[in-house]
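Below is one structure, written out as structure tokens, with a few remarks after it.
Should a chain be cited, it is by its letter among A, B, C, D and E, assigned in written order, with residues numbered from 1 in that chain.
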């Protein structure tokens, strides 16, 4: 187990090398003035800004992270729960799923003003925004995963007249695991965006920082905020990966047998 | 086949009934003045606004639909292609995938000036925006699907020393089909959002309409635009469903055997 | 009253298709074991699934004595193990689902796995077992619930002859020790004769050709060497041949075994 | 020069685990057919997979004559059909993958499916076939490429005796008509003796106990009734028993068949 | 320390800004920094807004107690049936909204910009844009959305954009771009801006509190106009994106727009100007029917 995480970490070094390469090219492009630095600041410039304003950036990042954790956590729980509901009651699926799609396609930016009216300034709105954008991928993926449960195994379970709960927890959720994890990974990225867009309007966190910097043409600060938000997303994906590896402990959830 | 599509259509009636119910409750709540109509317009009000401004709304919707078609089309093609690349070359995956996540978490609005400079005002920027937000779910889902290919079947194929293309088109893509379809469905919703946000940035379509209405507190018009965008998304999901049913023609792509 | 009562049973998989089973009627008395014999694709699995209620008949009826119906168990033609559960966890699955996970049941699971020669494989995943081992795990899983009647679909096909003989004897032992009744699908005439009090010979036209009670005093592997046993096997072989000749199967170079 | 040359072969699945195969050496001459016999879990599948190159040996070496290595085919222990392809499409798969889809090959696919009694199932999906039918489709898939050597892992275990006999004869016919060589895994001693020019008896300690050439003049089902054939079967049965006694398997109530 | 005359009530009052802590809100923060809220027995919590924060709707929905809006928003809300809104204090007597152009283009008037070539970035939905569009119709300049910042302006000499004269032109100057800015107010469209509003209900129930609030804010603005240094420092702690120099320059640039010029106090409003605004909004069809503006504001 530990070994696997190690291998995985080592694998990641490749990404660092690629990152270094990318940053060098970027730095060079800006140094050559092929792109004006008021549009695209150089990596070193971004780095200096980040160091200089670290206390504020750190506080903003933590606040955003907090909102994301709540929003994403809620959408994992309710996404899986809703998928189970829809799976168990096809009537509910047919009746409600289109509205989930509907909800999903409302640009958060155009309903964030409504959210802020309902939830007020600050974190609740931001959490709601992160939740709304990250719900559907988990819901859709879990639902597909549940529907793809091997019918042969379902037949086997049926022999023992399982309760719906047993069927769900012992068969359907385990089979849907690869789907659910992919859904969560997609949602992690979206939750970050949702939180930041929410903060554009409801204030607080990195969103507010980016928004203020944007109008002040502090492109370096905008990028600093953007980088921090991406770091949050990568960290989230990393945590999801590690947690899932520990939880699954080398079990062959792929249908190998 | 035709029969299946019919059943599917009939199933959808349930959603209509639910919709009618929802609209009635909404109408009633507004009529009772529990919510002020300048905060939440009634469905009839939205309907009237839509009828009144139909020429503008129709033109905006068509323009947005056009951008979505391009953006989503491009992300289906390149999402699947990238996933195949990452799958074939793990090195590429480890090096590039984190940057896809990175890219995915950048709020489009904070890099708006860059997009405008690269793609200009108007449709290309909108398409790029729709593309960026809809790429990752297809990519991530396809990649998971490819990785979940039954290793037993892979072994079987290997006996015949297939070319990478054969492996991909005859085994890996067919096995990934349920995953890819889910990814596309998730992306369809996101592409709609991406296009509308793109239009906030570059002008045109429903995005501009919604943005302008918002600044004028024309909540009815905002809702009218939002409804049109959701109609677009539902239409897309419907088209995807029908096309995939016709393409798969009753083949058991679930691993039943 | 009979344990199983099948009445004018019919089954086709789709409206237009040929009937897999047609107008089939038979009864099985309590404590009588039944073997289903027939060529590949004749409908043995289908009949067993109908008995278990895994398929619905298109016509006719099936009645299982209520005291048996409550304690039925089934072994599929393929092992059908849950890939993310270890060997032991797979055997414990029915107990968990039935809410009967107690120390006694646990011991029984271990005992069964021991009897089936799987001691060393308790914590392996199905993907790490050989084909025969997987089938034995499936057998343990079917027996761990202490069923009154168990339906087995060619459970020993993947086993070598010696292991197979041991399993046959294990089944006979369980039958006498626990009053376990079974319906056993096999394509081996000798196995059917050895294990079945009655044999139902299915053919490809969807009906049972013939069946008769076999009354051997004592069954152990020595029985297979007796003339009486071989006589019965010969009779069935002949029936089998007649059936096939009647059907005029399109298989070239079919050399007949002389009975 | 030998067709297959196995040299001090060893295989364990993980560093700490018991060796499944240990220090195994044998040669197979050209045109000689080999049967692998052994109890469940002894490593028959593993050895076959090693020969095919599906597993890598942990020690020793395997050499297959190059002219054979180019035209090898394999039948897995389970049918392993592609679920979204029909019966016929499954058989045509190897031809597509090898870029050899031509009218002649197409005809051959139809012929094989006809010979295997699957005419009526050409356009069915695997999920709609019986267990034995699926295995026959897998067999057709392995033969459609006109291999020089085919490795078969208990291909007939899911078939009834008569269909099985027909398949055995089909294999022998292909052997003489097309100079097809095969390595055949089975758990049936009689089948091994009937089909194998040589028999390799594997035991659970990972090595081959004994093997010898069998030289019957002509093989057809009548052979099975001859004293010579039965004598050979008896010899192997005895070897099998000795082997098991030596291993002292933990299976209770193991009744021995007297040879 | 001595207790203020009126004890602050338990629950703090929220004052919702429609943008970040910047000099345009200097007086509201100064009232905090200089202790005017406390002196008037108020416990005020100032909340920063962001892009498109709908402060007027939040006020109407009862989420906040006081909000900063622009005068046209208040009239539109009234036009849409929200009659319980009342304006208390108008910061900008002259609308700071402007159009910023590159000096090199040599535009002499707004009309030349509107009927010239190039690109104009603006929020086309805002009433001022509708007004200009109607007044200078037909426009020949290509219009596109404006999202904040001056990146696209800097990048292309043919681009003009909307601005707050107290903000973007300073940023541009700091970046070394030579600009010429035209006030929208000069075209005749001149709504009060950064107007503090509350619900009429509040004025009815707690007139003293509302009066105290206006007094505190007015005190804050007087202090800020006299010397913004301390308040700027406090605001900069909240808004790191803006430099100290920009704070000072912006505070300086806005003085003229805030001062009333007459004997009237800072923040006072006139019926005539509200009426003009309502007429203009009706003319450009942003509101559908005439509204009575006499109840829309009160000078306390």
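We adopt the following convention: a residue touches a chain if its C-beta (ideal position, glycine included) is under 8 Å from a C-beta of that chain, and two chains touch if they have at least 3 such contacts.
Everything numeric here is computed off the predicted structure, so don't read it as measured data.
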Where chain B and chain E overlap in contact partners, by chain label:
A
Among the remaining chains, which ones contact both chain C and chain E?
A
Rounded to the nearest whole Å, what is the centre-to-centre distance of chain A and chain B, using the mean of the C-alpha atoms as each centre?
17
Please work out the Cα centroid separation of chain D and chain E, and write it as a whole number of Å.
86
Chain centres from averaged Cα atoms put chain A and chain E apart, in whole Å, by 37
Separation of chain B from chain C, taking each centre as the mean of its C-alpha atoms, in whole Å:
51
Where in chain B do residues touch two or more of the other chains?
39, 109, 113-114, 117, 152, 200, 211, 214, 254-256
So chain D residues touching two or more other chains come to none
Residues of chain E engaged with two or more neighbouring chains:
52, 54, 57, 61, 147, 149, 151, 155
Taking the top-of-page definition of touch, could you list the pairs of chains it picks out?
A-B, A-C, A-E, B-D, B-E, C-D
Looking at the complex, which residues from chain C come into contact with chain A?
52, 54, 73-74, 76, 79-84, 93-94, 96-98, 125-127, 134, 145
Residues of chain D defined as touching chain C within the complex
13, 37-41, 44-45, 77-78, 114-117, 119, 128-133, 136, 154, 157-166, 169-170, 173, 187-189, 220-222, 224-225, 240-241, 244, 249-258
Give every residue of chain A touching chain E within the complex, in rising order.
36, 38-39, 53, 56, 109, 112-113, 116-118, 120-122, 199-203, 207-209, 211-219, 221
Over in the complex, which chain A residues touch chain C? Could you list them?
152-153, 155-162, 166, 170-171, 174, 251-257
Enumerate the contact residues on chain A facing chain B in the complex.
11-12, 14-15, 17-19, 22, 39-40, 91, 94-99, 101-102, 104-111, 113, 117, 136-137, 140-141, 144, 148, 150-152, 178-179, 181-182, 185-186, 189-190, 192-193, 196-197, 200, 207, 210, 214, 222, 225-226, 229-230, 232-234, 237, 254-256
